[in-house]
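The two complexes that follow have subunit A in common; it is paired with subunit B in the first and with subunit C in the second.
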Partner chain A sequence: MSVFMDLNLIYTGDRTGLRTLLETAAHLGFSTVAINYVFEPTSKKKQEIPTPTPINELIDHLPVVQGRSRPIRVLNRLTVVMSDSSHFRPNATEYRSFDLLAVQPTTEKLFHAACMLYDVDIICISVSEKLPFFFKRAPVNGAADRGVVFEVSYSAAIRDSTLRRYTIANAINLMESCKGRNVILSSAAEKALELRGPYDVTNLGLLFGLSDGDAKEAVCSTCRSVLLHAETRKTASGIIYTMRSCSDSAGQEGAPGDPEHGDPPAAKRHKLVLTQ
Partner chain B sequence: MKPADQKDESPVYQRVVLKNASPYHYMKVCLVLENESTRLSAVELKQFIITGLKSLYGEVGAALNFDVLKYDADTLTAFLRVYSRGLVKLWSSLTLLGSYQNQACAFRVLQVSPFLLALTGNSRELQLD
Partner chain C sequence: MSVDLDHTPRCLLVSDRSSFLHEKNRINSQVEQLNFNYKVSLLLPECGSTPSHLDSMLNNFSTFYLIRKLPIYELLDKRFLETAVYQGCVYGLSYRTRIDEDICVALMPNGHLCLSLDKDSFQVLGVEGKASRFSHRTKSRYVVSVDMTESSMVPGGRGYLRLLTGLKSRLPLKSDFLLSHHPGGGASLQALLSRYDWSEHKPEVSTHALTCLSCPTQLTSIPPNFDPHSFLEWLGAVDADISCENSSCSFLSSLACPEPKTMLSQALRVSVCGLLLPQDILRLIQEIRCYLDQPQLQSWVALTVHGFVDSPVSWGGREHGALRGGENFYTLLMGEDHTYHLHLVTGAHDTCPP
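Take a look at the complex of A and B:
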């Protein structure tokens, strides 16, 4: 069935605001949301990538999604706003604590590199400026083949009329190049009143030039494919997944047999392969 | 047993597909404001929606005919009726409306249907005791 997701809720330091935001999202029917930490490195001084606060510190009791019996699922996401190719370091260890990884390129070269090379899940299309470059078919199709999706955020269109024009213009440009596939729509909401329900967002997709089916997919099934892509990013080709085991004795089982305890050293130990 | 010369009457099924069965679409919307004690009258609500249509679609959009059939001033819930051609325009302008008199607001669209009878029941608000 259709599971609606909103993968862009901006993290502000305000805990109560975030709590009302999550409650509103659950009330509107979103089953999964992602809290977005935006990181904008400037070349002047070295900044640290923010670490996400664990979800149980932010909110004790996750609200139940309206219409379902499960509580809302909250993930962590990092967006790196890139104006230079050194801003995004592939395979950096800080990226591991985030579930989703997104990049927002500001120049054409970076956009091309992000589509074809970088190991990210989402490429954000900026809404606060008229894009200085046009989308070419080659990198867009290359990104679609790799499973990377493009994201359009709509809350800027709610706040300001100039941003509204830029959002719609950039979104229509994108839809023409990508033919409506591999797009997700999300709010970049900071307050609960900037969120809109899933069918409202589907209707906005029609405004941006998507067809009916593509607009609904932009809110449910493409988002789900992003989550799966993010999970495979952490694994070896999506097949083997290692997990740190909680107890110490369980951790010893992977080690080779200790001759003092009389374990047979000749046979290879069965490696624990945990699949989720 | 039936005589051999009598033909069997096979049941005839006919499928009727109604396209654009209803000329109107009905929406149940609720306005959520930042300051919860603000009250609007029905006329003010209609004027507010027309301003939203005008800012998104211009004069042509503001000329779209829609009606406020019923309005509850305490909960700020309204039933709107619009021609089916204009549904996408009205719905998208309700979605993108952000501020009422300098306070943040949001239109929550609760139900949309081409038939008014369908708006009487809402399984999401069903209370099971």
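Take a look at the complex of A and C:
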């Protein structure tokens, strides 16, 4: 088992509210959280993808997780709510500043494309409406093979009773197709009161149709695999990664063989063979 | 598809019934096998204050030490091994580490060092280990169990050096550590303690007098009157101060005392918390037997011993995990003619108690 994570805390622009949210999450025992910037492009006007605020500007000292000695780890995540295939631009440069990338498809075609093609980490299952399409085994298995996970958020269920019905119905539909694999449970909380502790979320997973072990994995191990998948998106399949070096001028001084000084760089000399 | 909500979390319950006078009773081995005990709670019916000899017994439990930020490779220190571990009586457990999130370490009196590691740490440490028995789909928890008394683990041996370099350079583990030594004597631990920030602690005793407690009748009858589940549920409710009235206007608790029941005018609930040794618990059981021998109003005493939730081992060094609650405890219901009912309970991620 790995540490408990909640990968969906909605960014509302309210600094104090976000600070309370992070403190509550650390108090409840979550070791890693992700601040979610939701981007819903409409076809009417061109919108800019939000840039994430650096964590040290949001909060001075990260609170220590209850029962452990490390501070909570905070990541940035972008969720693109798609109603058209042009809304998600693959390999857009703005996506690079986010640690996690998620999409929320609203039609069956987009769901299929997101599962099979798009380079994302998380596919969100909408909880605010009855899903207009059913989950088919083929795209769900395809997503599972690629390492993409499905996310069910529970804070809408806390707010409203109609949304509670939709959340449970959509979640049970999902579990029928995916058999409980590759699912994460997260809060989508805007206020600190909408967060629940990790063991409570595990129990909620039972209500959604997950088994005991699957529900616990949905809060820890599967979230860990999402983070690893997100890291591989930035690197070449997780094997090579590039890092920007700190300053360029310092590098120049140490460079051997500056051509202006006339010394050629050291090179192998061709060995002359004496012939008789 | 309908969700099966009747499915309650799995727990293992082993019930045993015997007499202390019977020569083949296994109570001693069952108590001794649970190495790391966190809490002992006693329920004394029809009792207003703790009897003096029981009180002195409870206040004389062995003290234990808490070392802050102990690097785990220090447990392999040659002097510590020779003075403490090889003599066979050191109990050590990492403190404030969660069994399902962090790395947990346990040092058992038979010289076994047990490390419960997550996948990344296990791969970095580089010592032979096994995947946890309770892995679900993927193996995310590994257990490294080392017998320090084995020939390859003698200081300087191959296995010893590999583990030492692993804990020193590859995976420098540091955690708060609870340490206890039997028979009482931090003398052999002083060499280790003096190098780090340590404090000595006495197990905390708390007493609570209860009035008008409804209690099941004929608890110690043979065959037993109640099924263990309802009895343990009632006992747990008494221990946790949960009302068993089940009144119609209260929605907090619908727990009820099993029928047929009687009303006790008074009862005493005593609890001791800390790193408690099995030897102290055995002595406490003997004291309670002497107490029950004297002519009394009541005819039974209930003793519950809880193991640590975050310990990597439970009975007999077998693996312990926590799915939703890592309970591992036993309840000993002692009757007046030296008979007892013993119930051993563990949670879902645990092996069967002895």
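Note that the second predicted complex is superposed on the first by the 247 of 276 C-alpha atoms of A that agree within 3 Å, B and C clash if a C-alpha of one lies under 4 Å from a C-alpha of the other, contacts with A are read in each partner's own complex, and residues count from 1 in each chain.
Convention: a contact is a pair of C-beta atoms (placed from the backbone, for glycine too) under 8 Å apart; a residue touches a chain by one contact, two chains touch by 3 or more.
As the structure is a prediction and not an experimental result, all values here were calculated from the model.
Because the two structures share subunit A, they can be overlaid on it, and in that overlay subunit B clashes with subunit C. In the superposition on chain A, A:G197 makes contact with subunit B only, while subunit C stays out of contact range. Contacts of A:T20 after superposition: neither subunit B nor subunit C is touched.
Residue contacts after overlaying the shared chain place A:G67 against subunit B and subunit C alike. By the touch criterion defined above, A:E176 lies against subunit C but remains apart from subunit B after alignment on the C-alpha atoms of chain A. Legend: residue contacts after superposition of the two complexes on their common chain; A:S161 is shown touching subunit B, with no touch to subunit C. Applying the stated contact rule after C-alpha superposition, one finds that A:L207 touches each of subunit B and subunit C. In the superposition on chain A, contact of A:T12 is made with neither subunit B nor subunit C.
Shared interface residues of subunit A, touching subunit B in one complex and subunit C in the other, are 67, 199, 203, 206-207.
Considering their complex, residues 1-4, 31, 67-69, 172, 175-176, 181, 199, 202-203, 206-209, 212-214, 216-217, 220-221, 224 of subunit A touch subunit C. Contact residues of subunit A toward subunit B in the complex are 28, 66-67, 154, 157-159, 161, 164, 191, 193-197, 199-201, 203-204, 206-207. Of all residues in subunit B, those touching subunit A in their complex are 32, 34, 55-56, 88, 91-92, 94-98, 104-106, 108-109, 112, 124. The residues of subunit C lying in touch with subunit A in their complex are 1, 3, 5, 7, 9-10, 96-98, 100-102, 118-119, 136-138, 140-141, 323-325, 348.
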